[in-house]
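Just so it is clear, A, B, C, D, E and F label the chains in written order, and each chain counts residues from 1 on its own.
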Amino acid sequence: MADSEPAMTRFPVPDLEDMPEDIREHIEEETERAGFMPNVMQAFAYRPHQYRAFFDYHDALVDHSPLAREEIEMIIVTVSGANDCLYCVVAHGAMLRIYGEDPHLAEQLATNHRTADISDAHTAMCDVAVKLTESPAEVGESDLERLREHGFSEKEIWDIGSLTALFNLSNRMASFADMRPNEEFYTLGRE
Amino acid sequence: MADSEPAMTRFPVPDLEDMPEDIREHIEEETERAGFMPNVMQAFAYRPHQYRAFFDYHDALVDHSPLAREEIEMIIVTVSGANDCLYCVVAHGAMLRIYGEDPHLAEQLATNHRTADISDAHTAMCDVAVKLTESPAEVGESDLERLREHGFSEKEIWDIGSLTALFNLSNRMASFADMRPNEEFYTLGRE
Amino acid sequence: MADSEPAMTRFPVPDLEDMPEDIREHIEEETERAGFMPNVMQAFAYRPHQYRAFFDYHDALVDHSPLAREEIEMIIVTVSGANDCLYCVVAHGAMLRIYGEDPHLAEQLATNHRTADISDAHTAMCDVAVKLTESPAEVGESDLERLREHGFSEKEIWDIGSLTALFNLSNRMASFADMRPNEEFYTLGRE
Amino acid sequence: MADSEPAMTRFPVPDLEDMPEDIREHIEEETERAGFMPNVMQAFAYRPHQYRAFFDYHDALVDHSPLAREEIEMIIVTVSGANDCLYCVVAHGAMLRIYGEDPHLAEQLATNHRTADISDAHTAMCDVAVKLTESPAEVGESDLERLREHGFSEKEIWDIGSLTALFNLSNRMASFADMRPNEEFYTLGRE
Amino acid sequence: MADSEPAMTRFPVPDLEDMPEDIREHIEEETERAGFMPNVMQAFAYRPHQYRAFFDYHDALVDHSPLAREEIEMIIVTVSGANDCLYCVVAHGAMLRIYGEDPHLAEQLATNHRTADISDAHTAMCDVAVKLTESPAEVGESDLERLREHGFSEKEIWDIGSLTALFNLSNRMASFADMRPNEEFYTLGRE
Amino acid sequence: MADSEPAMTRFPVPDLEDMPEDIREHIEEETERAGFMPNVMQAFAYRPHQYRAFFDYHDALVDHSPLAREEIEMIIVTVSGANDCLYCVVAHGAMLRIYGEDPHLAEQLATNHRTADISDAHTAMCDVAVKLTESPAEVGESDLERLREHGFSEKEIWDIGSLTALFNLSNRMASFADMRPNEEFYTLGRE
């Protein structure tokens, strides 16, 4: 993977200076915070209205969920693994290593959540996320009941569903455009 | 289906008066325009931040796409049929009958886009939408190339991808919560 | 869909006057009864021996089953939806609207029988029909036992199986020949 | 497998003397011809109208097809193998050994038609039969065109489709009722 | 199938005289014992190190297992049927007829183990073998528990897993190289 | 993941001192070389004959293949990712980072080889490995022809097949026994 690898290979990648002001500022803030500019931001900026909608949706979910941030990233990595999405597995694998303070969990969940070192409640959470990913029309009341029995609240259950749904969108965008994970994501949070 | 069927069966449905002001107003506008309150709005209002994010994403795509509105609804109905999502097939089936000025196309696309009465370009468009829905990791450069050969622009191709992605989110929300299509959607645009 | 759309697109469609007398009379009777000539009849007349066998099989099942006619059409629409067969979904969707006196049930069953407004017994009936359609080698004694527990008699259970089997034949004939649903079927029984 | 194994395990098996006269005679003729009573006949006699319809359909196809009898049995064995149907694989395996005068072809086709010792035209024929069995909604004009290029006539192509369709019915009846192949079928035509 | 059919069609088949001494002797012993030279031996001799490893692995399992030889061949035939592998279905079908002293069991298991005339314990054994074949990542503790409940020991359970694993290797080698079953295998053990 | 996590969770893990001498020595050599005892060795020692056969097979392939070691590990990681096998993805991911001198390739191949930064020849190699893993009965002459066109020799092509086959065995053993990757594997070769 060369240094000069573009943010995505299948659509034109806009330069920072050509982006609308609000998007440029949003990217610059994130770049300062993270230390590098995540390629998903540069890629989505190709379609500015969709850029704003995507990151707003992400924040609406992540900033207002009763689920722990670690649980949020567990769902994202599990769903992205089920969808074989390189960008999301690598980028959110880094997030899960950081928020979960666990250097191994991301690879376990991306490969097969059934053999990950997680609690029974989290196995149920990931089972439902994978079922909603792979067979959405077959999810039924009994799946939600199983989550209730493990102590998840109604709002937490809704959010397990909506995080799964959002990353079924996100995985498809990243796969369709062939977004490339930044090198930094591969190593973040490993030590 | 009784008159009193709720907007969704698996989560609490909020009353209009208990919703945040901006959401209530948004719903009232739509209700006036459509003549009835679409159940997806009442359902999403259970989680107000997600309500706003979802409808903003929808508008960001629909209001700023070079694709014709008829093409947008063709993609939505095809994807929703592939995902066996009752709410979206019925509600966007109505939209397609109206915007496409065709009383039969929605049922054709929801059942099997391969035998629908559509152009070769639209068959290619729906083929890619279904492939991105069912096998997102297998979509490749040759799929995009096929769309280019049928005359779709880069931005149109991106939007074929992002509409497919958004309704892979939407179908999963509707299936997870068991959102119920309003009776009105079944008959709109049939005459 | 033009008025002049042929009964099927992949094989020659015979003219009424060139058909064997018994078939022509059978079609004329049905045309008088229904108000139009169903395309499946004109299509099957391409092979007269098979025409007779197909409609005899249909009648042998429908005219002698302890299942209610509404239940028969529920099975047919559910199976045809699982097989993504346009002709059968549209034509038997009309039958179900008429015999079931329900304008919405057909679209619900064709899309996803799991979210249709039906009784638990009918959900079990449709579950078995879909399993026998999609995984015939995996149907077992426990599936039949579930139907017995919902009160279906032995002959009703056999007929759930044989209706499913017949429409797995019918769906494949219609898909193979690309039979086109008559326009009338799209609207019958909606009001 | 005991001598006393019934014709099927999941429904009552009628005695010859309790069957309608025409069915009893039909079975007795076949028993005399074959040297034993095929279990499919005793099983279907549980529902006499369906018995008549099933064997009429079979004869309508087999007695009036431009396909060679060997080709007919090749399609049946291939489809039955794809559907994992014990009765039809074993019973029609015997037919194929006899009509094809080949002791090995049946096992080859039932296991994997792609590695059977058959011509390219017959491979194409079996490819289409398997596609129509496993993915009926995906069969398209190009599949029929491939058969034409191998020299099959329009009526032969229709019959490849209708034999596939009929045994998708037959396989489901045999699997649903758990019809048991007669011992004789296992050995017929092996020497 | 001509007499001169080669041991495999997709790679060069070595002559006996060109093989390393130990392999030639091993083949000659087996040929004397069986009365013919199994094609799998001639095929694998194309890569002598792999020849030795493959037959050693086979013997390590078969010669040291607490499972009965009949059970070993039941697993092999079931797995090979699930993988649609012609060579292994035919060759080990012969083994099962001989070791199981049953002329019909092989065809039953190769077609569909669920409708075979076997005990409940052997159905559980074959269920787990097929699940490990088709969905290896979904096999869990409950599958092993089911085998324990049917009386299988820990070492027997391990061997059910490792026989399944070995023939998932073997089936892929035979399918990849298109190894052809010797004519003798088709008829061995039928009388 | 605790330090005391056992080598596998579903079968008894033997102590080093209870193992046969040759196996103990083999493990001690590897432990000295690697700096830790790979859990797959301790797990397989539960069945000593199979231990010897498994590692001999591995060496027969790896030590005598015209494929580069990096290519060998590429195939292994791709196949293990397709089979969702945690142990093999993590352990051979480390091998690939080391032999391929690339810190990112393993995660790319384990997630989706189609979006990995590899040559067209290696994409073809991985395509065939995945097809032979997921649909072994559908691999045909055209797949081998594609490899030839990319310059692979006959022996290299055979080995692409046999490495795929061996890790279809290995993945099933690791998943069946729930073998746990050593902590060291997660970090080896990352810097």
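Remarks
The rule is simple: a residue touches a chain if its C-beta (ideal position, glycine included) is under 8 Å from a C-beta of that chain, and two chains touch if they have at least 3 such contacts.
Predicted model, so just to flag it, every value in this text is computed and none were measured.
The chains in contact with subunit B and with subunit C alike are A, D.
Least step count on the touch graph, subunit B to subunit D: 1. When subunit C is fitted to subunit E on its Cα atoms, the angle of the rotation, on a 0 to 180 scale and to the nearest 5, is 120 degrees. The interface in A-F, A-E or B-D that matches B-C, meaning over half of the contact pairs are the same by residue number, belongs to A-F. Using the average of C-alpha coordinates as each chain's centre, F ends up farthest from subunit C.
Inter-chain centre distance (subunit A to subunit D, centres taken as mean C-alpha positions): 50 Å. Each chain gets one centre point, the mean of its Cα atoms, and the points for subunit D and subunit E are 28 Å apart. Distance between chain centres (mean CA atoms), subunit E to subunit F: 23 Å. Among all residues of subunit D, those that touch two or more other chains are 84-85, 112, 115, 137, 175, 178. All chain pairs that count as touching, in label order, are A-B, A-C, A-E, A-F, B-C, B-D, B-F, C-D, C-E, D-E, D-F, E-F. For subunit C in complex with subunit D, the residues that touch the partner chain are 10-12, 46-47, 49-50, 52-54, 56-57, 60-61, 63-64, 83-85, 132-133, 136-137, 139, 141, 144, 154-155, 157-159, 161-162, 164-166, 168-173, 175-178. Contact residues of subunit F toward subunit D in the complex are 137-138, 140. Listed in rising order, the residues of subunit F touching subunit B in the complex are 112, 114-115.
Of all residues in subunit D, those touching subunit E in their complex are 1, 5, 81, 84-86, 89-90, 93, 103-104, 107-108, 110-112, 115-117, 175, 178, 183, 186-187, 190.
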